[in-house]
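A, B, C, D, E and F are the chain letters, set down in written order, and residue numbers restart from 1 in every chain.
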């Protein structure tokens, strides 16, 4: 039985980054953690059409894994197909946006989100509203850097510090969530710079999946 | 290193019940799980004065365990000392009320709470308000059974079914939380009766603690 | 130029019902109103997988109509693809759930929703939360009748009156929304029975589309 | 039968501006649109006393028009008498504040409001709270220009751009509402400058009135 | 200097009831408390038109008293003219609805409101929304008794107990507000019956006015 | 019978400042107002552990005064022991944070809070959330001055003006609350500087206690 961390875009490079992020947790997991790539998915999930369009593919992908699975993590910050996969699977299903927000709620009273582009923020706002936790949101602010620009480490770091500082000092965030899997590598450095917790959502979600796998044992044991 | 599940009342019997509830998770935990009793605590935590009064004792108890701890679970549904222990400890600190609510938010859109007595509900409401998740609450309804009455299994079961059915059908709850450690033994049976998930908060909190211990590895590994 | 009212399921019978509902508005519309059926869609949209799965089909269907369109109405109470179609089209796009809720907000302080089955309610709750209008919701209650059962007029009417009365008297709703296109034929009769406004969402949405087509003239005229 | 757009202040010049704003919609309306002036009203509605004081006059004015009316638009951003006129009239009654906010909710996830003076903002906040849509508000910010100052186009434009830019970039608004009929002439230019939708509330309200007149046909036809 | 408790309807009998309710507070007030009747007001304030229509009269009435006043209490549960009188007067202005709700928030976590008729509830809901305290409202439920029916003590008492019990046991209210000045005489008896605090709003408001008169001394003394 | 204003820290100097702040109200109070110091308390209440730890002491202190008391004011902005003392005492119990917020809600639509340090803000946010009034909060911003730094009048005044101006102009607060008893002496001067009401919480709470003492007479008189 395995926790499957599914990257719903087709970028193998993103999957590699996710794998690196969750790798230290493998030794603490009761079951193997396997990252995989939705090879039929789009190169990146940037629009609502991408979010909705990937769901059928994701459901099929996970249906094929159902028998071997202890749980699923959907590793895209729009949590595509989260509700649908929960309807389909009998295992715990964790979305990285939802899990990172719930984790942030234990680490600070108000959470900030760093988004890649301002175009994703309305989508996040609908989601935070659907979760019913708008009062805990400090702000969601964009780097205004495209995925290509993220390759430029100097520019990305500068913007991460600017936006993170703004979230901490202007929006009064007590904890910051990296609102995209592409910022994984900056987590520890940004946390040190800001002096408040910084959450990488794939890690937060995989941690919750590990907890839920343990919980399943209690549920079945009773 | 150990996850300590601290029962902040002095009832050894309650601690035994908690231990039984979390026992099946031990095989899935990367570290030992140890339950313990705050022997200087009150026999039960029933008033706000009990909640506030137990905090200093709890902090001292946990300070003594800090060096051996991977994390702490506060095993009382009023989450006494949660914020204070988070200020004191460098490890993850999980409260069973908060953790059960966050877990419920992944298992259903609206959660119901079954309380022992109506007197605890205003305290719960302040807490759900402080968490900022009032829109996710279906209702919090009381058994109106004192702790002594809980020993009467026939009466307790009858009221659990009545209140749970009311939460599901009138308040439209999609998931139900047992709002007291004393109802642990009824979880599976009530879930089967109601046909919607029923969460035992000590289990939910310990599961989150296991996840957070795993997460710490990722945070330190980066 | 035309307002297209798109039924995203493949049931021609449902489309006929929608057409009958909006027909009296044709004489008041500045442009033709055309109902159409997503023939590749599922027979009914009952699960989250159906909601997400129909989006790509709907986007393709509407892309083909874009040049002839003044606006689009998505005629399913889950508003599938609403955000995505708004990203794709340069015309006003109206979802029947959103439009019926916004219309209800002008007709009464608290709105109730009558759903077919309790399984759709969590989906509705996420949506009402994403809209940020949870404080205006009185309650969402199910008929617990499947689509097949709706054919039984006696049973359906009895349940509509029961649920509508409960929404009015227990949940204190001032206006009621029919949360499914299959209840169209009962609107006037239920309104008369309850003595408060009853909203049929396809009508409400098409009315808003007519208004938006008029608004476009003002936006372009300035 | 006619849609009456009632300017509740006695300034004929304001009525002329409103008429110009809604004029392009006349060709798309199933009934005539007539603007009129509450000649007994105050020169401007600037205080809560003005808002409350104008209601009796407005009710009398509209009572006289009831027999000829298809619907009423109250063309003042404080929506004076909206609830009272709804109690009195059997036709749809639309307030420009409410209608512009509901329209904004279909055009963007978070709306900003540009007010003339900071003194009107508490009144707006009570109204947004009464509507139950505070979570959708990005911010309400003032030009701090009196009505006389609005005649100075250079100053007004400069402030509109400053405040609009602040709403878009700091408050993260996705759509902006002009919170006063006196800014009508700047709508298109400001929308172009900001690159996000800008809503003129008299136009939004009249569009909704047109939709509601169409809806009445469906309600009566059934 | 005097606290003026203004009954904005013209019923001298209502004023007498208010006077009796606040009379025991006179010995604890630093200034005289005088009740007065808006003789030009309507016999009762039952519609939104009444609420709005009485404001100009009330403002004039209070302007004439301004020089002798320490503060004003508006003694109608719709708080007519509250915001307008605050703009006009330099003294503390207290509305009985607002003051009773703020008082209830210190006496219990969730408050219930007993209204005369269901027609007043939407008005109350807009007000609770404008106050931003919807999460503290348990429910607002009507006696469905007209003012005339209130003269029938047997019927009124029976309904008060029914509605109060429903608020306490179904809506889980911890404190109940009498949502109309006409129920003053039943406060103590209902409180005894229900076993939870029952607030008479004229008393709560006058108490707050006494406090505010004291506060003014501190504000001026510094 | 006496209103006891209890400073829950052991600093006699703080008590002196509180006494000076409430002194002008004595002439307007129906009963004596006595300030006292919890001599066993910590020198200052700066952490959640201090807040929780002081409760048992406070309860004992107030139990000893119960027979002579008309009411209690807890004079620390974290309102330590408020709910517990309400359970214990039969008199009105007022917390300075709650009372200042309720008072602010009558003086302006949105209130700002000036905190000493950013570390207290999460505690305040939990409290505002528990009160259910988050929608009325403009912002809570810190001076970032320690208690020692407050002795430096030049620095403190400069920061008070900076933070107060930011709350008024950026966060759009209509009224400002001094979120610590140590800022009492600056109230009048800051109100004059900002041009909006500034609330000193010990004064606001004592004023409410005076009102509640008056209310008790009415409650008993009926």
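Definition applied: contacts are C-beta pairs under 8 Å (C-beta built on N, C-alpha and C of every residue); 3 or more make two chains touch, one makes a residue touch a chain.
Here's who's who by UniProt: A, B, C, D, E, F = Aspartate/glutamate racemase family protein.
A quick note: this is a predicted structure, and the numbers were derived from the prediction, not measured.
> Smallest number of touch links from subunit B to reach subunit E?
Minimum number of steps from subunit B to subunit E: 1.
> Can you check how far apart subunit B and subunit C are, centre to centre, with Cα atoms defining each centre and the answer in Å?
41
> Could you please state the distance in Å, as a whole number, between where the Cα atoms of subunit C are centred and where those of subunit D are centred?
26
> List the centre-to-centre spacing of subunit B and subunit F in whole Å, with centres computed as mean CA coordinates.
32
> Please report how many Å separate the Cα centroid of subunit A from that of subunit E, as a whole number.
50
> Counting only residues that touch at least 2 other chains, which ones in subunit D make the list?
As it turns out, subunit D has residues touching two or more other chains at 122, 126, 129, 131-132, 134-135.
> Dump the list of chain pairs that touch, please.
The list of touching pairs comes to A-B, A-C, A-D, A-F, B-C, B-E, B-F, C-D, C-E, D-E, D-F, E-F.
> Write out the stretch or stretches of subunit E touching subunit F in their complex.
21-25, 27-30, 92, 94, 98-99, 102-103, 105-106, 131-136, 187-188, 200, 203-204, 206-215, 217-222
> Across the complex, what residues on subunit A touch subunit D?
My answer: residues 118, 121-122, 125-126, 129, 134, 139-141.
> Quick check: in the complex, which residue numbers of subunit F touch subunit B?
The contact residues of subunit F facing subunit B are 47-49, 51-53, 55-56, 59, 80-81, 83-84, 86-88, 122-123, 126-127, 129-132, 134.
> Can you check the complex and tell me which residues of subunit C touch subunit E?
108-110, 135, 172, 174
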